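Shared chain: chain A. Partners: chain B in the first complex, chain C in the second.
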Partner chain A sequence: MTVLLEASNLSVNIDTPRGDLHVVEDVSFSLGEGEILGVVGESGCGKSTTVRSLIGLLPRGGRVTGGSALFDGVDLFAQRPASLRAIRGDQIGFVAQNPFGLLNPVLPIAKQFRTLIRAHRGGLGKAECASMAREALLRTGIHEPDRVLHGYAHQLSGGMAQRVVIAMATILDPRLLISDEPTTALDVTIQRQVLELMRDVVRLGNRSMILVTHDLGVVAQFCDSVIVMYSGSVVESGKVAEVFTHPEHPYTRGLLASVPGGGRGETLPPGGPPARFEPARGCQFAPRCSRAETLCSVEPPPTVSSLGGDRRVRCHFVEIEEATHGAPAG
Partner chain B sequence: MTSVDGLREQVAAAPPQTSGQQARTPRSRWALRLIVRRLLILPPSLFILVTLSFGLIELIPGNPAVAIAGSGATHAEVQRISTQLGLDRPLAERYLDYLGDTVRGDLGKSYFSGQSVATELRHRMPATLELIVLGLALASGIGLGLGTLMAYRARGFAARLSNWLTSVLQSAPDFLLGLLLIYLVFFKLGWVPSPVGQLGLADESVAPKTGFMLVDTLLAGRAGLFASHVQHLVLPVVTLGLVYGAFMARLTESLLSKALRAPQVEFARACGLRERDVLRYAVLDVRGALLTYVAILFGTLIGGASILDRLFSWQGAGAWALDGILKLDAPVIQGFILAAGALTILAYLACDVASTLLDPRVRDDR
Partner chain C sequence: MAHLRVENLTKTFHAGGEPVRAVGGVSFTIERGKTLALIGESGSGKSTVGRLVLRLVDADAGRVHLGDVDVLSLPPHRVRAQRREMQIVFQEPFESLNPRMRVADIVAEPLVIHERGLTKDQRRQRVRDVLDEVGLVDYGDRYPQGLSGGQQQRIGIARALITNPSFVVLDEPTSSLDLSVQAQVLDVLSQVQERHGLAYLYISHDLATVREIADDVAVMYRGEFREVGPVAAITSDPRDPYTRLLMSGFLSVDPREAPAPLQSAPARPGVDLNEPGCVFRARCVHVAEECSGTDLSLSPVGDTKMLRQVRCVRHDELAPAPDDVPRSGADPTCPPPDRQER
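So, the complex of A and B:
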């Protein structure tokens, strides 16, 4: 499988009145062509910031402090704003939650499509833009595209609005679609439809997708690989089938056990990823980890990659077990 | 795969493109219905306004007849003037008379000058309107420009400079700024003529047709007078523009910096829209709110622009009405309240119609 996106040692800080907040630290992952990668973790673990940093959409005061992100051989972090803008929307599409908030409230949908198309394909006429938009809407399952095109955002239902957003994000045939909790604001019944739609749009064009979510069920069903994040770091990554059947990191195990009805073993203790103003010292999960020992809060955990395939786990215990048994545990 | 399958059938079944025109027609009809509905409210609101102000003036202690007669007048003299003005008649009778006259367009005569209030208003209101409309237009321009700069380039040098500038301007009262401008621009630099009114002292005015000096001088074909009037307009308009421009800039900044953090702006950027389009999307979001503030400012200024009137000897309605209030000149006060009220209501109406036309969300609510 050809690698489309290779992020290495990505770090992001956010400048706050209280100092530099280390939101993402040393995150690496790779994404193959046609692959769907899930990014999971509790809220505040830095998953949104990680994917937003790729296309230069950090919040005010945020900046990438290290690492690289090679997209089709081009380092996204080395791009000037103008060339990154040209990549956004054209080669990398982006979908976020709350579809109503994503559309402009006072412009007709058709006009928003036109502005978007012309930002990348200058010179295209009104009619050409409209027919492109119509096609994109049909592709996302909107049966009466003209009615939608001449209407406004507030006239749409939540599911329709999200379809329009997906149509916008994919209209220029991007090779990568980043979706940040795309269905969080939708009804449960609509969620599945929208996710299936996105998967189909991605699969059909041999595109790739990064799907940020806190829903492990969604990852299990729609993703090929997964990275599990905690407090700005990747604690475990690999193929979904392997990670979910044989979770190695205590946090992944806890997350899986916390799924209602589906889990076994110890659930996560209360709490959440801590906000950090200094680089991580030990393992960030140690305070909530039942197995934690002194070592964990002093020494940063190593990345264990001897489990086979793309599996990566950052945990002292996994390293120790690996060293003793010399074979994948679990 | 529901949505991807059957794509071809859907293309074939796509309805003909008529919805564009369908969406256009109701837009103007809505606006028309709204205008008519609001205009119907105008007479009852003005009736309530007149009644309230009539009662209020009655409640204020003091007798205009005494003021006219002077401090040395005898009781008989005061009595005579009272009778002359009709002040000795019962309140209800005077009220009904006033209503009848008002409906016929007669707003009475000033107790003191004997001038017809309607005539005075026809001359003075346009002068005030000219000032306020131009001043607010300048203020909106300044406010939108500086406010956008401050919100969009919050950390830049220019934004900091305009931040400082608007703070200073906001804390300065309008008359102080007016005096400063008179001192600098007229007295020191001599760029504009002396602030003696709408025209120079030596200028021979034209017969008023519309009451708007800008229009009247042009209608009379007097280019020189027009130029002179424009020169006289500069200082008061700039004063208004700066004071309220600072306010509008603050307002634009706070509304826009919030709008720039909104998800729709992030999505616009994520779609790779050009920055000018991104900014436009954000401005479109706050347009309606800004418009409402302009309408509110208009209402405030119509009722209270008396200081600038006096400072620039403008012969507008503000200073004249203030005089009337101080002397308890009931017809003048009533006439002014009526005119200012009507104009304010009309301004709100215009604002309502505009926001209805500009914002589809409001449109669908109506």
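So, the complex of A and C:
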């Protein structure tokens, strides 16, 4: 599989009155062409910040403090604002949790499509833009595109508005679609339809997608690979089929066991990582981990990559177990 | 006799001159110590039912009895006193807590209104006791913004409990919380229910938590109940096509269990829902001629002792053949509630 996006040692700080908050620390992952990658974790784990940093959409005070993100060989972090704008919307589409936050409330939908198209494909006439928009809306399952195009955002239901945003995010045929909790605000039945729609759009064009979610069911059913984040770091990553059926990191295990009605094994104790104003020391999950020992709070956990494939786990115990199993007899 | 008895509750809102029927005649009962869950999509009227029962919104018609009090015919000045008996926990914990008040003052506020005769010390003791029940006894001097979402929600629960109500509406109390925190809040709710014999009306769109907390479930669509009965019976063998649609939206965390196809037809144009007939017929995959023409009522289904009712006229045809009745939990869209022992 050809690699489309390679993020290495990505770190993000947010400047606050109390000092620099370490939100994302040393995160690496890669995304192949045609692949759907899930980014999962509890609120505050840095999953949204990680993907938003790729396209320069960090909150006020946020900045990338290290690492690189090679998109088709181009480092997104080394781009000037104008060249990042040229990539964003054209080669990378973005869908957020609240579609109304991405739509302009005072402009007709048609005009918003036109602005987007002309920003990247200058010189296209009004009629051409409208016919592109109509096609994109039809692809997202909107049966009467003209009614939507002539209307305003407030006339749309949540599910319809999200379809419009997906149509906008994919209209220029981007190679990568980044979606940040795209269905969290929607009803379960609409959620299925929107996710299936996004998957089909991605699969049909051999595009790639990063799907940020806190919903493990969404990852299990719609993603090829997954990174599990805790306190700004990736604790486990690999193919969904392996990570979700044989989770290795105690956090991944606890998270899966905590799903109501679906979980097996020891559930996650409540709580969360504290806000960090210093780089992490030791394993951030140790205070909630039932296996933790002194070592865990002192030494940063190693990244174990000997489990086969592209599986990675950051845990002292997994390293110790792997070392014992892997040791030659005698 | 059941503690809460609701009959034929009805409410129509007027949005820009257009009448919108939010609740179209629902009836149910809840015993002390039991939980009825109301589930449905947004706009189904489930939150309105909770607000009508508490008289936060005035009903157009219907009756609500809590114990031997006829709630809807209380004169306005008596409603406030009645609220000690019936409380609510809201969805957004932070939005419903005053950021400028300390936790102890927030929790004490209902006592200031309802039990004016208490001394300062008595009040302080009651606040301590109820904070202890929700596991936050040391948090009285803190402000809400310093607390996590789960802690904020437990403050909301403490505030609802401090007047010793017998009935509490839980309006999506965990939907904004992380999984581990959600489990903890549900635990707290179950413990206080058991201790005080509370009747809960649990409003949610999340079938998974409903299985954890509820005894009975009512599935709502467009202001009416589609199906009512014991949780286990309905989740293992849903009879109404709308219940089936809701359940087919559930995604298993096991990547090997692919979800069943979504049981929804694209909305059929030209179906006028103001005409008599089933209100789900525009989206139903099992629609037939008998679905139009007459309004449907709930009819009993299965074992009569189960008090199970369903609205669909074709529910008999949709019942599984005797051989392939799924055992509870055998259906991948409906895993067993195997975390009970926690």
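Everything below uses one rule, namely that the second predicted complex is superposed on the first by the 326 of 330 C-alpha atoms of A that agree within 3 Å, B and C clash if a C-alpha of one lies under 4 Å from a C-alpha of the other, contacts with A are read in each partner's own complex, and residues count from 1 in each chain.
The rule is short, and it goes like this: a contact is a pair of C-beta atoms (placed from the backbone, for glycine too) under 8 Å apart; a residue touches a chain by one contact, two chains touch by 3 or more.
It should be emphasised that the depicted structure is a prediction, and the values quoted were computed from it without experimental measurement.
Undergrad: Do chain B and chain C fit side by side on chain A after the overlay, or clash?
TA: fit
Undergrad: Tell me which partner A:T245 touches in the superposition: chain B (first), chain C (second), both or neither.
TA: After superposing on A, A:T245 lies in contact with chain C but is clear of chain B.
Undergrad: Is A:R147 in contact with chain B, with chain C, with both, or with neither (first, second, both, neither)?
TA: After superposing on A, A:R147 lies in contact with chain B but is clear of chain C.
Undergrad: State whether A:L102 touches chain B only (first), chain C only (second), both chains, or neither.
TA: In the superposition, A:L102 touches chain B alone.
Undergrad: Between chain B (first) and chain C (second), which does A:L255 come into contact with in this model arrangement: first, second, both, or neither?
TA: second
Undergrad: With both complexes overlaid on chain A, does A:A119 touch chain B (first), chain C (second), both or neither?
TA: Touch status of A:A119: first partner only.
Undergrad: Just to be sure I read the superposition right, which of the two partners does A:R139 touch: chain B = first, chain C = second, or both, or neither?
TA: A:R139 contacts chain B only, not chain C.
Undergrad: Note down the smallest distance between any C-alpha of chain B and any C-alpha of chain C in the overlay, whole angstrom.
TA: Least C-alpha distance: 7 Å.
Undergrad: Going by the contact definition given at the top, which residues of chain A touch chain B in one complex and chain C in the other?
TA: After superposing on chain A, chain A residues 141, 143, 193, 196 contact both chain B and chain C.
Undergrad: Provide the residue numbers of chain C that touch chain A in the complex, in ascending order.
TA: Where chain C meets chain A, its residues are 41-42, 148-150, 178-184, 186, 205-209, 211-212, 245-246, 248-256, 258-259, 262, 264, 266, 335-339, 342.
Undergrad: What does chain A use to touch chain B in their complex?
TA: It is residues 55, 57, 60, 85-90, 93-94, 96, 98, 101-108, 115-116, 119-120, 134-135, 138-141, 143-147, 150-152, 154-155, 165, 168-169, 193, 196-197, 200-201, 204 of chain A that touch chain B.
Undergrad: Inside the complex, what are the residues of chain A that reach chain C?
TA: Chain A reaches chain C through residues 42-43, 141, 143, 158, 187-193, 196, 214-221, 240-241, 244-245, 254-256, 258-264, 267-272.
Undergrad: Under the stated contact criterion, what part of chain B meets chain A in this complex?
TA: Residue list for chain B touching chain A: 1-4, 7, 10-11, 13-15, 17, 19-20, 22-23, 261-264, 266-275, 277, 281, 284-285, 287, 358-361, 364.
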